[in-house]
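One structure below.
For clarity, chains are labelled A, B, C and D in written order, and residue numbers in each chain start from 1.
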Amino acid sequence: MSHTETHERSLLGFWIYLMTDLLSFGVLFATYAVLSPNTAGGPNAKELFSLPFVLIETLILLTSSFTVGLAMLAVFKQAKQQALIWFGVTFLLGLTFLGMELYEFNNLIAEGASWERSAFLSSFFTLVGTHGLHISVGLLWMAVSMVMIWKRGLTPFINSKLTRLALFWHFLDIVWIFIFTIVYLLSYV
Amino acid sequence: MFKSYLLGFILSILLTVAAYLLVVNNMLSQGVLIIVILALAVIQLWVQLIMFLHLGQETGPRWKLISWISTASVLLIVVIGSIVIMNNLNYHVPSDQEIIENEGIHQSH
Amino acid sequence: MFGRLSLEALPHEWYTLGAVVSLGLGGLVAAIFLSKKKLWGWLWNEWLTSTDPKKIGIMYIIVALLMLFRGFLDAAMLWFQQAVLNGTSYGLSADHFQEIFTAHGVIMVIFVTMGLMFGLMNYIIPLQIGARDVAFPFINSLSFWLYVAGAIFLNLFFVLGGDFSSAGWLAYPPLSGLEYSPGVGVDYWIWSLQISGLGTLLGGINILVTILKMRAPGMTLMKMPMFTWATLCSMVLIVSTFPLLTATLVLLSLDRLIGTHFFTSTMGGNPMMYVNLIWMWGHPEVYIIMIPSFGIFAQVVSTFSRKKLFGYSWTVASLIAVTLLSMLVWLHHFFTMGAGANVNAFFGIMTMIIAIPTGIIVFNSIMTMYQGRITFGTPMLWFLGFVSTFSFGGMAGVMLSVPAIDFQVHNSLFLVAHFHTMAIGGALFGIFAGFSFWFSKITGFKLNEKIGKAAFWCWIVGFFVSFVPLYVLGFMGATRRLDQYDPSTGWQSLFIISFVGLLIIATGAFLQVLQLIHGFLKRNENKDLTGNPWEAEGLEWSTSSPPPDYNFAVIPGTNKIEEFHMPKNTPIGIYVSGFVFLVGFGAVWHIYWLTALGIIGAIICVIIRALDEDTEYKVILK
Amino acid sequence: MKLNFELFNPKGFISEQQTDLIITVVALLLIAVIPALVLTFTFAWKYRASKQSKFTPNVSGNTKLQLGWLGFLILIIISVGTLAFKNSHALDPRKPIQSEKQAITIQVVALEWKWLFIYPNSSIASVNFLQFPEDTPINLEITADAPMNSFLIPQLGGQMYAMNGMKTSLHIMANEVGDYRGFSSNISGEGFSGMKFTARASSDRDFNAWVETARISSGSLNYNELAKPSKNNLPTTYLVAQTDLFDSIVMKYGEPIHVR
């Protein structure tokens, strides 16, 4: 089996995996849409979220999606140094995004608005939390990939895995668009 | 390739900030605003799918595009189906209003 | 330190002790046999760590048959209680009875039919499309071992915990919530489905990509055998709906573990949302089981009538129609939950519309027999059994899809008879047909036809004797899942008839086991030398029986022997499922450090596998 | 003992229409199922190998036949579909039954493994026993203080789920005097098989007499005591002082008012 054939096949397999992940997020979105009015007498969305903070988060994640694209351009040009730099920038942006999210969660829990307070908060924490979990998996994967690039250089074997990493990162930004719109923007409408 | 990433990046920023400003300054009426920001989100989705994920530019049978379309339709069935069904069912949950009216007032048929 | 695990979780009732003793003895005998014959190494290197889809397929079938044995025992206990022990004092306790039908449901749907289906697919699909292996061999081994981990979770309560979920095979909250089921039972149920569901999802992606990307040159989509088409549709359904199951089970387990309020009755939770979400996966799941049988029957009927399948493109179009429509009908499982008349009518009509493509598929299989040369091999008998049962089952299904009728017969024994007709008459008969059709290809020796036909007659007669009374009981207003009913209703006589039916089915199953043993002992006399004992069409029949590890020396459609790579065996699949098992075990017993250990272990194994570059060996054929 | 085929022995306004519907739908579907079975076994018999009858191995399709069979199936499904649509509205459990007699409201509460029936007009309640006059529309308001149950009296009409914090409704009317078997048809825990009750349709005079004796002879209802899990409760009647008992049970799980 030639190398491009295996690369092509694992790319399609990974793409279909991303589609199944999207469907799991679909269930979380449907649960959020159905349960968000049920605040059980507790605080509702408008009182809890600060839009400017979330806008910054969104722009950071968007930029990281752009820089991972640049990293892939460097990979195709076999520019190992450049690829490492751009992956590093993407990693830092992703880390800041995660940090901001954990900061926001911490404030909510400190205010007593934890996932145990109401069905709305349960569905909020689970939807945004699952996205945050996926970001952490992406960051771990990126860290391991950067070590691989540094030690083994840009071989076809590693390039094929980096394509899938970039695909995964872009996919997380797509899911975040809808979290930003449906969870945060719609709460202020 | 660089151009497609850059274009996708700029377009996405514009779409995000546009939706943000619309909501924060409360420019449109509620119903229209919901539709507009959802539309902006869907546009940004397509922009990123084409510019970042290069959807539809595969050689040979386009399995990625077909699996994306089938997943998107299942997603719509799941989300919209749930909302429609749960609202139809919830029609009978006594809303706050109904409970306030009933508080202690015994309805005799 | 050990969460809620304590000494009194050890078995202390007659049925848990009995099970532990029998399982223990069985394991001991096997261990002694293996050590005496020094086969442990062989077992580990040749089978357990294998990435050859044929070996994985055989292992799937073995585990599924073991689970079929246990599921059948559960069914016998349920029916013995309803037929004989009703009204007496020494019947099963309500709780124990409910645990048995919950386990019976999960075993039969998830572990028997899916297990046997994946077993047949792993073995036959690569052969049918002219490929040497599946797309992702390592993931194939991983999904098998996740399936096994799920099966272990299903039986673990015998050893630790003493009770399984008693909330039915789909465990509706609030009954399955913390308030009404505080024990470990429902957690065992969740993790058994979650882990095997993960395995099924990975298996689904694997076989889907295999069919899409690895067909031999020249085999376009419209030239694929019908079993491959049916598998493709079934895999599309798995990939579209198993993520919904994973997400819904995560929500239910969060409700039980960290106190979220998705499906609780208080604090804004909505149990009806669970019913809605679980059936979005639930209904397509029963189609996932049913559709491959359509493919098997189409191939069996065309082989035994010596004719090409009638209306090939119509059957393919109908299979696709059934696949798409099956995701638009789930509300017919809860017409009676208070939905409006229009919503009920819409989902009822959508459910009926599925009967049209299904009718066309069955019609095309029947028309294949027209002006044919029909020989009645065992697979053909299973097909005739399928038509005679599936038509009644389908009729009952359309009746159930009319909302006004469903208000009467929902959750009645009429419904139970309906889905057993579809599951046994449709899916299980399809698997038996496939099993007897491809048995000689898998093992290299033919089974005795006479015993096979006797087994079929026991199954079909037993089926009607046991399930026609259930239809009648449904019309008498008998509801399902009753461990006790008052004798004044006069139902006992009908329950006794259906228990007799079960005994006839049991003889059929016994004959099948006999057929296997007899076939194995006499394997040298009826070796399958030609590779195509039924003179059937299809690439799988062009190889020897059993085919070599690499299936085809020359890929059909190409003409030169080239060197190729085959995947090495790897134990990583076992280690990852072992760690995932620890994650589940820690969650069930609230031993959170064990869950964390399991997660870290699984991640490390995946990384080791990802960094491993030499996972294949070169094969040079002279 | 005489076997009672409850679905074909309807005694209620709704259940009669449901029985007719079952019979028509079965008849319609048999039009498609019987030919398929007859076709299968005649082909199997006529074209068996030993009979050496006509053999056309290459015939593998005939579009006219496919379209014919497709049209035939569509016709049947259209007829069953219109029946389903009409009856989904006609027999909608939430639609009150029209009758010149005054409807009676009975409030149904599914508890852990027994049924509580509250008569708001006469402020009495009864466990696992329900009585109402014949030919009178009964408006049932159903809720639960237990896992999901399903209220069903096959001989009078369809079933409706009983759920915590939710008020579902069901309308039935008995056409004949008699005792009818009622039960829960959704698994709700250990005592599920004991969730049985008798629904007695009687003349107006007997119904009023029953209410009177209940009002005189029964003790007052202590709801929290009754709500404790118990199995196979014997039919008993209670006096109910609290007028909005049913709504308070629904509100127990309902949405607390937004206190911000």
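In the analysis below, contacts are C-beta pairs under 8 Å (C-beta built on N, C-alpha and C of every residue); 3 or more make two chains touch, one makes a residue touch a chain.
All values derive from a computational prediction rather than experimental measurement.
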item: Closest chain to global C-alpha mean, per-chain Cα centroids; value: C
item: A-B against C-D, pair bridged by the larger set of C-beta contacts; value: C-D
item: Averaged-CA centre spacing for the pair chain B and chain A, given as whole angstrom; value: 18
item: Chain centre separation in whole Å, for chain D relative to chain C (CA means); value: 32
item: Distance between chain centroids, defined by C-alpha means - chain A, chain D (Å); value: 48
item: Distance between the centres, which are taken as Cα means, of chain D and chain B, whole angstrom; value: 38
item: Touching two or more other chains - residues of chain A; value: 12, 16, 19, 23, 26-27, 30-31, 34, 38-40
item: Where chain D touches two or more other chains at once, by residue number; value: 94, 165-166, 168, 255, 257-258
item: Chain B residues counted as touching two or more neighbouring chains; value: 63, 67, 71, 74, 78, 81-82, 86, 92
item: Complex contact set, residues of chain A against chain C; value: 1, 8-10, 12-13, 16-17, 19-21, 23-28, 30-31, 34-35, 38-40, 115-120, 122-123, 125-126, 140, 144, 148, 157, 161
item: In the complex, chain C residues that touch chain D; value: 94-95, 98, 166-168, 172, 174-175, 180, 265-266, 268, 271-272, 305-314, 334, 336-338, 340-342, 344-345, 348-349, 352-353, 355-356, 359-360, 362-364, 366-376, 384, 387-388, 391-392, 394-395, 398-399, 401-405, 407-412, 472, 474-477, 479-486, 488-490
item: Interfacial residue positions of chain C with respect to chain A in the complex; value: 135-136, 139, 201, 205-206, 208-209, 212-214, 239-244, 246-248, 250-251, 254, 258-262, 264, 266-270, 273, 277, 564-565, 603, 607, 610-611, 613
item: Partner chain C, residues of chain B touching it in the complex; value: 61, 63, 67, 70-71, 74, 77-78, 81-82, 84-86, 88-92
item: Chain D residues touching chain C - in the complex, by the definition given at the top; value: 1-8, 15, 17-18, 21-22, 25-26, 29-30, 32-33, 36-37, 39-41, 43-44, 47-49, 53-62, 65-66, 69-70, 73-74, 77, 80-81, 83-85, 87-95, 146-148, 150, 152, 154-155, 157-161, 163-166, 168, 181, 183-194, 196, 253, 255
